[in-house]
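Each of the next two complexes has chain A plus one other chain: chain B in the first, chain C in the second.
Here is the complex of A and B:
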């Protein structure tokens, strides 16, 4: 039997950051207030930037410093600002349609998501993909985050939570990218981030259009189109 | 040829910017000019791409496969641009001048931007840039779907942007795992160029390539409309302005399928053809089954055509799964013929909707009498979609089925024929009901609509589509045949 080695400082730091991101994903899943969801998203995005800096420092990848700065400017500052300004205009920052938008109730939602996270963790872990840049456990955690983000988009019946779910899905994919594709050219990473910004603006415009027509952020009544 | 490619990237983009600032009447002229010029530029690429791959650095690459998809988009962009000149005028009739101006400007700007994004996507060499281009097609078309600003349009746009973006999230994961696979051979820093990855395809590790292919089929398959991730498609197609529905169905789905084909190339180079073919066969049969059943009971004309698109994307997936060169040639011809046929069908549906003031099939009666051009042309479009000779889809589906038999996929070929026949029944039953029942006043009207076409601009491009379908069915031009042969070889069909 192979001896079990304790992870080094770098590996430990990367795993802790990835785990914190997953915990914040669960926070977003159960938050009743949109502004708190956005704060958690900003915190999760900040953790991605911190992880990028940790990897840049330990593995000697200077491009990742620039990526961390760009990512922080966009995801920690710009995206929350865009969404908050929009919600400020709708006046539905704490709407009951959002607080009560769980499909299955909070406890069932969280329990189901724990199952999803376990499934994602073990499935991605079983792939046996080892990166020279970041620890494999972080990839498994990214897999768990992807499934929980999908769960968030499915179980919350309001446009704001669904949009936050999509943004956090992008964070989960960014975590996976840091683990297995840290060497991706900066120009491509920048293009990804720009694309996210465009997507956020379009999401925001459609959220506003939805609110203007229904005077609610709830998606419970989006049932006209069937068959 | 670089100048042609750069012009192709610049013309629709410039048209989008100009449409936003120009007077509304000029918007139509700018869009028609841009559409026709773009199609001309794509045609100019055909002779070169039929003989060699045009590569410019790590980020730009045009080969035979790219040009086939660009041809489909270029033709449809040009045809629908002409159609828009009549459609937008009809759509804004009776509105306040300021509101009509605002709608017209937004429509033409987004329409040109949509055309641009779909023309640019197949020119991308990097898989990462390909993903970005496909994501841009999503965000632009989501705004177009919502443009009518009705409750149903906003609902459809929200479902579309959420489901398609989530699906493309999986597409992004596919890109990342493809990068990881390449990094095992090429080192940690490389540009994810398709040509580079294909060059080392045989040496890539299997697990990440397998994962990347599965994620690509699921992720890009969401935009293609493959079952079970097709749910946005009927809603978005039915609620978008009709010219946009034509582009969504004839071009956008194909562009997303193009992305799957690129991953198919990589997976085949690394894993051999069995695994990727089996995956596509499963998704293709499921999509075709769902669509053919839904086609039997549709009440909304545009939803009917949307499910027909799911059917045809299923046929493409099954055709690729056969792997035989003749089937791959059929698939590539199908991309071109489906663009023309589905464009025609949606343009006809737009005329019907304007004429009868309803999208409901039951409200559209006697179209063959009331619309002397659009009625018969719609019937021809439906027959073309149902793979009737002498149109292009007959030839392409015949090749696909022949490829199925030649690759000994007898059961799959038989299922394909049966389900296509079921789809034919659904399509023709609805079409004959709309065309041949005697006219009667619509709800809220005292008399049946008067005989006549709403606009000549809404008829001319349909005639062009029929001409293309006849040419592709009877005798495809030599350079197109050469282009398809080269594309088949690039996809691995020559082996």
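Here is the complex of A and C:
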């Protein structure tokens, strides 16, 4: 690869948006409070809509405008609202058991996730998938994001952060889908979005049931076996 | 058509611009910060008056401090004044002494100066000066890897590690500007600059609270002309770092591409404008964020490290 060669403005902009999403994923990873995590999730979801609009405008795919609007309505507005409502019902200012639910320290978590991101970059980059609509680097970034989101769900020991991690995992997969299959029929893309709604409902049930049983969202209480 | 300046004069002008404008930049930032906080603020030229006053004062050294204590400020300023020879301050083309060293060479000069100041603070025997130098060295040990990764990004982007080459690459096309690697490296460098120049969120620049001090505590035991040199040195370092950020990474435009006197003059004006713009951003950050607690600074630097590493990944593994 020629080191000086730049991929062009469109590819660069798409890559920058994808990179910003990855940076926000890291932000969610290290953010202690759930309301900040939800805010970052909303920002990340807004970015994927922006990316869809950029691709739609540059590659002439009008379907993607509809997808961007739908995804923004769902992921920037509805999901954060629902999760915030649910947490508001716990009757505390900040949901109990979320802050400080790290398994490791913040610095170790970030360093470990950098390793995960490298693995994601390497594996997806090595696939050598080239798409006519979006740059291949964005796919590698999506791969890194999937792994970091998994890492987030593993290192945080509370239901709410794990839910946010799962939702952002869906964002990462949407990004990968945009890169490899931007021309996918709209109906399929929408179906995937509604999958997310199912996940939201399931996580909502989980959060409420867990909070009703243990008065906390922390999963640390679940390690002890109870008869 | 104006007269062409000899190349040596331009080279000298690079150093002179930085040397003369550095205290002024500190004055401008202090003034903007004061205005943002609703105060009248000091005069713009206050840092020059401070330096003039200190240069006229008597110098005292603590008992037991040797020649090193007095020599360090002089050598540190000399090291700072060497760096403008290596980076594109006024011209797009490399000046004869510009290829003495690459980015790493400039980095070595900056860390040599910082090491000398820290060692002189240790020699003083004063507890606050020692605390400052110990903290400064601790934190520079964690900002160093960030700078290293920024240099890796530059090397991957240009195939060299000459600051002139990166500036030319950024100028070459819009595609080079929106590359994630370039933007991530610039952001990481900006965060390192905030840490290295002792700004919020790492340190209060004009605080008198010794417990939070890092860079500001080091010259506690120096006085008179030596203290003036240390103050001037930190102002020089600030302008040099801003110049690297502006003229190599963010906005390498407005530099002189010929030896004409007018274009060199314009380049000086452009540099001052760019440095003031960065200063304005820094002043806004200074007035809108709280200082981090000392043990949280590692997390701030870890954020910068993350950006720099992602820059290298995107470029090397992702091909972006």
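Simple rule for what comes next: the second predicted complex is superposed on the first by the 215 of 227 C-alpha atoms of A that agree within 3 Å, B and C clash if a C-alpha of one lies under 4 Å from a C-alpha of the other, contacts with A are read in each partner's own complex, and residues count from 1 in each chain.
In this section, a residue touches a chain if its C-beta (ideal position, glycine included) is under 8 Å from a C-beta of that chain, and two chains touch if they have at least 3 such contacts.
All values reported here derive from a predicted model rather than from experimental measurement.
Aligning the two structures on chain A places chain B and chain C side by side, free of any clash. Of the two partner chains placed by superposition, only chain B is touched by A:213; chain C is not.
In the superposition on chain A, contact of A:136 is made with chain C only, not with chain B. Angle at the C-alpha centre of chain A formed with the centres of chain B and chain C, after superposition on chain A: 150°, rounded to the nearest 10.
By the touch criterion stated above, A:9 is placed in contact with chain C alone, chain B being left untouched. Within the superposed three-chain model, A:202 lies in touch with chain B and out of touch with chain C [touch as defined at top].
Minimum C-alpha separation, chain B to chain C, in the superposed model: 17 Å.
Taken together, the two complexes place no residue of chain A in contact with both chain B and chain C.
Across the interface of their complex, chain C is touched by residues 1, 3-4, 6-9, 11-13, 15-16, 18-19, 22-23, 26, 30, 106-107, 110-111, 114, 117-118, 121-122, 125, 135-138, 140-141, 144 of chain A. Chain C contributes residues 156-159, 169, 172-180, 183-184, 298-299, 302, 306-307, 309-310, 313-314, 317-320 to its touches with chain A in the complex. On the chain A side of its complex with chain B, the touching residues are 127-129, 131-133, 146, 150, 153, 159, 162-163, 166, 169-170, 173, 176-177, 180-185, 188, 191-192, 195, 198-199, 202-203, 205-206, 209-210, 213-214, 219, 222, 224-225, 227. By the touch criterion stated above, chain B contacts chain A in their complex at residues 126, 128-129, 132, 135-136, 138-139, 142-143, 146, 149, 151-152, 154-159, 161-162, 165-166, 169, 172-173, 176-177, 179-180, 183, 187-192, 207-208, 211, 234-235, 238-239, 294, 297-299, 303.
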